[in-house]
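Look at the two complexes coming up: chain A is in both, with chain B in one and chain C in the other.
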Partner chain A sequence: MPLRLLHPHLYMLKILKYSFYDLIRSRWSYVYFMFYLLLGFVLLFLNNDVSKAVITLMNVIIVLVPLIGTIFGIMYYYNSKEFTELLLAQPIPRSSIFLGQYLGVAGSLTLSLVLGLGIPFMLYGLFKSDAIFDFSLLLVTGAFLTAIFTALAFNIAISNENKIKGFGYAVLLWLFLAVIYDGLFLMSLIIFEEYPLDKFSLAATMLNPIDLSRTLILLKLDISALLGYTGAVFKQFFGTDTGLLVSMLMLLTWTVLPIWRIVYKAKRKDF
Partner chain B sequence: MIEVDSLHKKFGKNQVLTGLDLQIEEGGIFAVLGPNGSGKTTLIKCILGMVLPNKGAIKVMGAPIKNTWRYRKQINYLPQIANFPGNIKVNELFKMIKDLRQQPDRQEELISLFGLEPSMNKRLATLSGGTKQKVNIVLTFMFNSPLIILDEPTTGLDPASLIQLKNLIREEKSKGKTILISSHIMQFVAEVADEIIYLLEGTIYYKGGISELQKKTGQKDLEHAIAAITSTPVHA
Partner chain C sequence: MKIVFCFLLGLLCYAGQAQHTKVIEVCPTCPVSTIKEGIAMAATNDTLRIKKGTYLEYNIVIDKPLTLLGEDYPIIDGEDKGEIIRIVSDSVTIDGLFIKNVGTSYTTDWAAIRVVKSENYLIQNVVLEKLFFGIYLERSNNGRVYNNKIKGDAVDEYNSGNGIQLWYSKNVVVDRNSVQGVRDGIYLEFSDYITIKNNVSTKNLRYGLHFMFSNDDIYTNNTFDNNGAGVAVMFSKRIKMLNNTFRKNWGTAAFGMLLKEINDAEISGNTFEENTIGINIEGSNRIEYHNNNFIRNGWAVKVMGACYANTFKNNNFLYNSFDISYNSKMNDNVFDQNYWSEYTGYDLDKDGVGDIPYRPVKLFSYIVNRTPETIILLRSLFMDIIDFSEKVSPVFTPDNLLDANPLMKRQK
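And then the complex of A and B:
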């Protein structure tokens, strides 16, 4: 009997391909893509200033990308449950199934973001402008945020059989990291204002991927003068190459850890 | 073919399998029977590696299955409820599974056997329950594997398709394959099965031939023999 088995990575690529095409064909991917396309055109051609457009975009991206990543991630996991069960009975390693699906979701969302914003900026003549670095940084952090929040959503979904609960936890997580965290952070700054808070602020910023992305972009945009004393401290850290490197490593850690847990959980779950 | 050694499985507080031992020899049709919740599907899913046992070991074709996936190439599995991704077409589903398994298949022959040609370009969500089950069956019998596991294969089938399914099962048996079937339809079991494995409260209560069981319980009809199985001491 012919027994051809592929290398495990090839199975993962195949699953990735199916998930990616499945999502690319869905209406919501187009809506997401069109949204960024429209946003990009409106900001550039009404504003006529790339730097200002990048700041506005940052404010949108920093909140919207995590939300969409979370919702798409959780919905895709629950909606493809049947497909997953079909695959689990096939000769495919479990890690390939879940990694493939995850990469399919994160990949298609990132593509919507990059193309949606990239096309208007390219048409505007981004390559001739000196904002290209800021803009690339925006897209890179956007890609990271997509990867991070899709992975977090998969983690929640894999640990919760109950759809409603899973969805609830995922939205709460987004709400916490996008809104509540900042509130707590500010409050602790006010309460402990008599103490030196530089290290604390730095650490608190590093521990939230949304804050980290925001700070990273703001400081690169060179408007840190607006941020006062803390801004100066931050500028000293994030403004340097070391700061950029450490921040990127931190974002990478935020991506890798949840992905690792997806594989860990998937290997130990009953279906 | 399959060796199960003191298998334990618990879902939360619910102990489903309690030290199940089972030997299934190569070749023949084995029916896994038992009341609802007796652990039939759990046992099948353990063999497939979809459910991970708390204790105990399973060997398929002589090799332990723990932490491996390659042995599934030797298994064709028909799941209990034909749940397919709804927004893809039937032929896309077949293409996908063939792409994953990379084995020679008999898709065309089986599609015409079950008359699925008109459904090939339809999305799976639009198919009726019976048609979905036919797709499920084609997908299961498409590849040539030594072990075939069928979980409630008769669900939703019309009489003509049921006859085709029985013929298909007998044909596979004649090729020397091992077929594991779980079913609640006793008439179907009596027609196709060589041996019965009766599960009760998470262990094997009876394993043996149908005629033997009828003799032991003093019941001529398999349905009554199965119903009487727990009231008469017939331990294997």
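And then the complex of A and C:
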């Protein structure tokens, strides 16, 4: 189909559609989808309790979703580089090209996640269970984590021509936010244990999307009773509507900022 | 000849006794229409048969050996005016009454039934509702509290009382009672040689069972479910706790059982299920824990310090967030031949005992004890990684804190 002069948004939609279908047709999307489908079925088959399965699922989601988002994002960017360059030769706004690609990747990953987990849970009677709110929160945070980490991966890819370097940085970023950040967090909690740390730990949790997602889900579950005094402080904050709103806004900021930087970088980049 | 004589003498005595005791009927339309009147008329060892109906009475004092027998649960309504029955004589039996509306006081502990300095009493099949204190035994030994049902509607700790309270009473049997919705389900203070068995204590504001300064007691086959904080056993010696169930004591300050300054006790065959803390141990020595089940608790056993020479043997630890938590590097307790659901070792010689020891204390639980705020990192990948590395080569947790013979199969 020859590209005609269209409204910029329509280009973005076209590219989004292209990327989305490209990924949907690709094997990896199916593997990812099947993985979640299988995970959901196995979990529910093993203990048949929707709310218990949500806890186990949380452990998987907060580690795996960011990792897959990062790796998929960076791989897709590098793989479709030639096509991107071809598109750049056309009279299409740059932001449309990159945003379209980004939304295509993030959208197809989110779809795999939501469908892969949603189908088994629905079959096992999610709608009749009290866990539906917890489960939706799980999916919402999962979707956010996908969007955030794919955007971060695109950022890294756009700033690094060297694939190996870009890949390394991306994995390092995931490692930092998923593991090292918590290590530093823990160290500072121990070093400053004589000071009141409630505000600090609240802030430190808010600043890392993985920690924020984990805390949001944990506090909704029974297990929050284990958190004791600290948990009570957290619950006072996250348990309220304001808290939930603030954390959702925080996740949104985490999504919007990298996307904005993709556009910003794309406009100035010399291809 | 001698035997026959004895027999005749016995029969004679029995007949003589029977002649003396009589049955007084009490009912709202009878000549004797109140329980107080009935007691005033009765002689020693008489029986008051109280028929169905409502009796608006309080401050009923039983000052001679009597049997109060309710038929079809007559209602004694205290109209919130004060204490209802006070027993001040030996050998009193109370059976089958429905007592309600005990007055609430901030200066005296009004009870539905209070036994004061009396012996050989029996309180059974009584139903208590809307109460302050339920059955209050005060300096009264050798009694029995059997098959009563206590159902309170307590909301606040400061203006509610206990279901069954024993104070300076010895040799009492508390059996098959059900207590719910009061402050402490069963409360013991300075009471020795007590047997508490087959009771169900649920949904109480504070503790299902509360022991203070009471020695040589035994409690078996009780169920403590959904209480505010669980069961507290404090400052007592030589207590046996067998085959009880502690369930769903869930909340930030809740536990299945709290042991504080308990020595030489035996805890076996109990089930601790879904409590924030299964057993919280503080300053307790020489306790034998065996054949207990710890299932899906936050902390199965939390050792707070000053606990020496305790033995954990043949217990099942199943799916707890933390199996054992310690706050010091020293360990003087023995863990042997337990089943740990988190054990990942192998058994090459197939003798049912794992070949490599299990370390039940996670580094994370050690860190949390030191800096409680770190609990916010619960279930993060970082914690799993350092727990794993600590498991492989322990640096921070006590070196000798391990189960050298972890079982491969769950104990029945």
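Assume the second predicted complex is superposed on the first by the 266 of 271 C-alpha atoms of A that agree within 3 Å, B and C clash if a C-alpha of one lies under 4 Å from a C-alpha of the other, contacts with A are read in each partner's own complex, and residues count from 1 in each chain.
Basically, a residue touches a chain if its C-beta (ideal position, glycine included) is under 8 Å from a C-beta of that chain, and two chains touch if they have at least 3 such contacts.
Just so you know, these numbers come straight off a predicted model, no measurement behind them.
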Partner chain in contact with A:M34 - chain B first, chain C second, else both or neither: neither
Partner chain in contact with A:L218 - chain B first, chain C second, else both or neither: second
Partner chain in contact with A:F271 - chain B first, chain C second, else both or neither: first
Chain B versus chain C as contact partner of A:L249, first or second or both or neither: neither
Partner chain(s) touched by A:L88 [first = chain B, second = chain C, both, neither]: first
Touch list for chain A against partner chain C, complex: 58-59, 62-63, 178-180, 182-183, 185-186, 189-190, 193, 197-198, 201, 205, 211, 214-215, 218, 222-223, 225-232, 234
Residues on chain C engaged by chain A in the complex (per definition of touch): 250-254, 276, 298-299, 321, 367, 370-383, 385
For the chain A and chain B complex, residues of the former touching the latter: 1-6, 11, 14, 18, 22, 25-26, 80-83, 85-94, 268-271
In the complex, chain B residues that touch chain A: 11, 45, 48-52, 69-73, 75, 77, 79, 83-88, 96-97, 99-104, 144, 146
